[in-house]
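Note that subunit A is present in both complexes that follow, paired respectively with subunit B and with subunit C.
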Partner chain A sequence: MIAKVSRLSKTFGSVSALDQVSFTLEENKIYGLLGRNGAGKTTLMHLLTAQLFPTSGTIEVFGESPYEKRRVLEQICFVKESQTYVRNARISDVMDFASLVFPRWDQRFARELLHAFRLPTERRIKQLSRGMLSAVGIVLGLASRAPLTIFDEPYLGLDAASRTLFYDLLLADYSEHPRTIVLSTHLIDEVNRLLEHIFIIDQGRLILDDDADNVRGMAYSVSGQDQNVSSFVSGRRVLRDERLGSLRTAVVMQPLDAGSMKQAAELGLEIQPVSLQQLFVCLTGTNSTEGGDRP
Partner chain B sequence: MNPLIDDAKPIFVQIAERIEDDILTGRLPEDSQIPSTNQFAAFYQINPATAAKGVNLLVDEGILYKRRGIGMFVSPGAREQILLKRKNQFYEQYVLAMMREAEKLGIGAEELVQMILKGKDDLRA
Partner chain C sequence: MKPVRAVYRMYMVDGKTSFLIFWGILLAIFALSSGLVWYFSGGSVQFSGAPAVYIFAFVSGIVSVREPLYFSLGMGVRRKDIFAGSMLYYVSHAVASAVLLTVFARLELLLFSWRQLPINFFANQWLSGKPVPVEWLFHSGAILMLLVSGFFLASVYHRFGAMGLFGLTAISLLLGALLSLTGGFESLERLMGGLDPATAIAGSLLITIVIHSALSYLCLRTLSVK
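Up next, the complex of A and B:
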């Protein structure tokens, strides 16, 4: 086991950022940490990497509390959304520094990555564009080969081609050098397929903690005549309910089984898959049963 | 992102189906080696564990077999086995669904047979 947090809470003054969060990170898995803005993702990552103290609860990383333990911290690479570097340093200086910090740093791989992302090694940090800065973070995250690598929205300003390059390189290197990776992102549809396990956090609480393959089949939508949809959804958990005239579409939180498929077919209802992003929106949206009766 | 993968089914099921398709068309003959999980992962841009899950699904069904230290291979008789499975699925997914719709539209068995024969001709034309 890589990390274990139990009943972790963090409050800032009167604001509760994290509320009784418990989970474990296992070896060599790619995790997706999903949540809306301000859900508590970054707070959680700061706690995991010993950059914040919890208000209550416990954190164990590599079997011990991570605070001021070099042997724990050198195994963690945390690439932040807006990582700051010494402004006057050159990219090559940043890489040299990283090679001293991370025991598994691969300098040759770092050079390949810099080349792939078209980063000029002698350019100074202050002269880099937003996208280039993000690419520097990605190079650090990958070349560190840290047993626990955390990417927090690593691609601010990165174009679609560079993001695809990131996914390809991440998968290829992970295949050869498996390690635990946490990806925190808003681009759910883009990273969906890379993930093995998914966490969704909402308003400081962990509302979903499951294998990605389970999550992908967790919900489906049914649509058709209002009354038929009504009789289908009765007794089932509905995440979202929308009407258009006499047509109605409901998102049902339940794995699709043969019996339900048959029932839907008999009622003349159409069944559609629900993507991870749609599910995320349903679970973290303002109100999960907004349908109700409308004038 | 590879267009072959969509949200309609779990990804590992789709990987298993791709491999089955390749066995059916003969692109992967019996006793030939299939790509490694890492190759599948890179090609479809998916997690290697997901790819492995798809491959293992077929190992459990006896469609693939493992040679220790070498990789995964297509079992003898795999094509027949997949064909049988797909025929059953065809009945469930298409024939039953068609019958249900036909009933709704008041299409009798005879008319349905006529339509199927017509469809066969139209496809050939």
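Up next, the complex of A and C:
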């Protein structure tokens, strides 16, 4: 096990950023940490890397508390969108810094990545565009080869081509050098294929912690005549419900089984799979109802 | 000690430019002042280089912290290593500044006593009579003390915010008032008067450096990201 978090809470004054969060991170897996803005994702990652102190609860990374433990910290690389850089430093200075901090740093791979992202190594940080700065973070995260690598919105300002390059490089390097990767993002559909396990955090609470394959089959949408849909969803957990005239579409939180498919066919309803992004919106957007009938 | 080296190098990268610009300006002022004194004979330039170096050291101590500190913390460097890297940088900064100050003071004495020009830009009367190592040591200690004091103020600010600085001011005023009421200042004066000036100055610098370093370390130990 890479990390174990138990009943972790963090408050800032009267604001609760995290509330009784518990989970574990296993070795060599890619985790997706999803949540809306202000849900507590970055706070959680700051706590995991001992850059913040918990209000209550415990964090163990590589078997011990990460606070001031070099053995632990040198095995974690946390790349965040809001990372402060030394503005006068050149990209080559940042790479030199990383080579001293991360014991598994691969200088050759770093050079390849800099070339792939077209980053001029002698340019100063203050002269970089937002996208180039994100690319610097990506190079740090990948070339560090840290056993626990955390990316928090790593591609702000990156164009679609560079993002695709990142996903491809991540997958290729992960298959050669398996490690635990936590990817926090809002571009859910883009990273969907990468993720093996998913955490969804909402208003400081962990509302979903499951394998990606289970999550992908966790919900489906059913649409048809209002009366028939009502009959179908009765007793089932409905995450989202939309009506247009006499037509109704409901997102049902339940694995689709043969019985349900048969019932839907009898009622003339159409069943569609729900994407991870749709599921995320349903889980974090509005309150779900039991039985389908909304007030 | 690789992370300490990494932090130190990042400070050097960040501080190098401002250090060179400052010394460039200072030497330009020196050259201009000397030229004017030489051209319009009768004028004089008095001790102003060293105070400028001291003020620069204090300001550097305050402003040099932010980016290397948060960058290193974000990259997973221990606070202990960040502190050690910072101190290493301040010692190098103090030593380098003191070497430059001492060398220019001695050059100034050599060159301008030869030309009979009344210029004491880097040199000062009190230190000029002392051996070179003593002059260098004095400048090193004073510059280090100012750098560390600046670092201490920055650490308080980064740890506790603006309220921390207000609190620190309040505590300092309270301590000052207490010392004044209890006759603490007189006792301190008597203690210093009993020592030879060199010991008194060295002792004061050392105590200030140690206290400010220790307090800075305590602030950094519990520092969080913003």
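Assume the second predicted complex is superposed on the first by the 285 of 295 C-alpha atoms of A that agree within 3 Å, B and C clash if a C-alpha of one lies under 4 Å from a C-alpha of the other, contacts with A are read in each partner's own complex, and residues count from 1 in each chain.
Quick note on the criterion: a contact is a pair of C-beta atoms (placed from the backbone, for glycine too) under 8 Å apart; a residue touches a chain by one contact, two chains touch by 3 or more.
None of the values given here were measured: they were computed from a predicted structure.
> After the alignment on subunit A, I want to confirm one thing: do subunit B and subunit C clash, or do they fit together?
Once both complexes are aligned on subunit A, subunit B and subunit C fit side by side.
> Once the two structures are overlaid on A, work out the angle subunit B-subunit A-subunit C from the Cα centres, in steps of 10 degrees.
Seen from the centre of subunit A, the opening angle is 150 degrees.
> What is the contact status of A:101 with respect to subunit B (first) and subunit C (second): first, second, both, or neither?
A:101: touches subunit C, not subunit B.
> Quick check on the superposed pair: does A:83 touch subunit B, subunit C, both, or neither? Answer first, second, both or neither.
After superposition on chain A, A:83 lies in contact with subunit C alone.
> With both complexes superposed on chain A, which partner does A:275 reach: first (subunit B), second (subunit C), both or neither?
In the superposition, A:275 contacts subunit B only.
> With both complexes superposed on chain A, which partner does A:216 reach: first (subunit B), second (subunit C), both or neither?
So A:216 only meets subunit B here.
> Under the stated touch criterion, which partner chain does A:29 make contact with: subunit B (first), subunit C (second), both, or neither?
first
> Which holds for A:196: it touches subunit B only (first), subunit C only (second), both, or neither?
In the superposed model, A:196 contacts subunit B only, not subunit C.
> With both complexes superposed on chain A, which partner does A:167 reach: first (subunit B), second (subunit C), both or neither?
The first partner, subunit B, only.
> Is A:73 touching anything from subunit B or subunit C once the two structures are fitted on A? First, second, both or neither.
A:73: touches subunit C, not subunit B.
> Give me, in Å and rounded to a whole number, the least C-alpha distance separating subunit B from subunit C in the superposition.
26
> What is the shared patch of subunit A, the residues that subunit B and subunit C both contact?
none
> Enumerate the contact residues on subunit C facing subunit A in the complex.
On the subunit C side, the touching residues are 2-3, 5-6, 9-10, 13-14, 17, 66-68, 70-71, 73-81, 221-222, 224-225.
> Residues of subunit A touching subunit C in their complex?
By the definition above, subunit A touches subunit C via 46, 49, 51-53, 68-70, 73-74, 76-78, 80, 83-90, 93, 96-98, 100-101, 140.
> List the residues on subunit B that touch subunit A in their complex, please.
Residues 1, 5-12, 37-38, 41-42, 44-50, 53, 97, 100, 104 of subunit B touch subunit A in their complex.
> Looking at the complex, which residues from subunit A come into contact with subunit B?
Answer in residue numbers: 29-30, 164, 167-168, 171-172, 174-176, 190, 193-196, 212-213, 216-217, 265-266, 268, 273-276.
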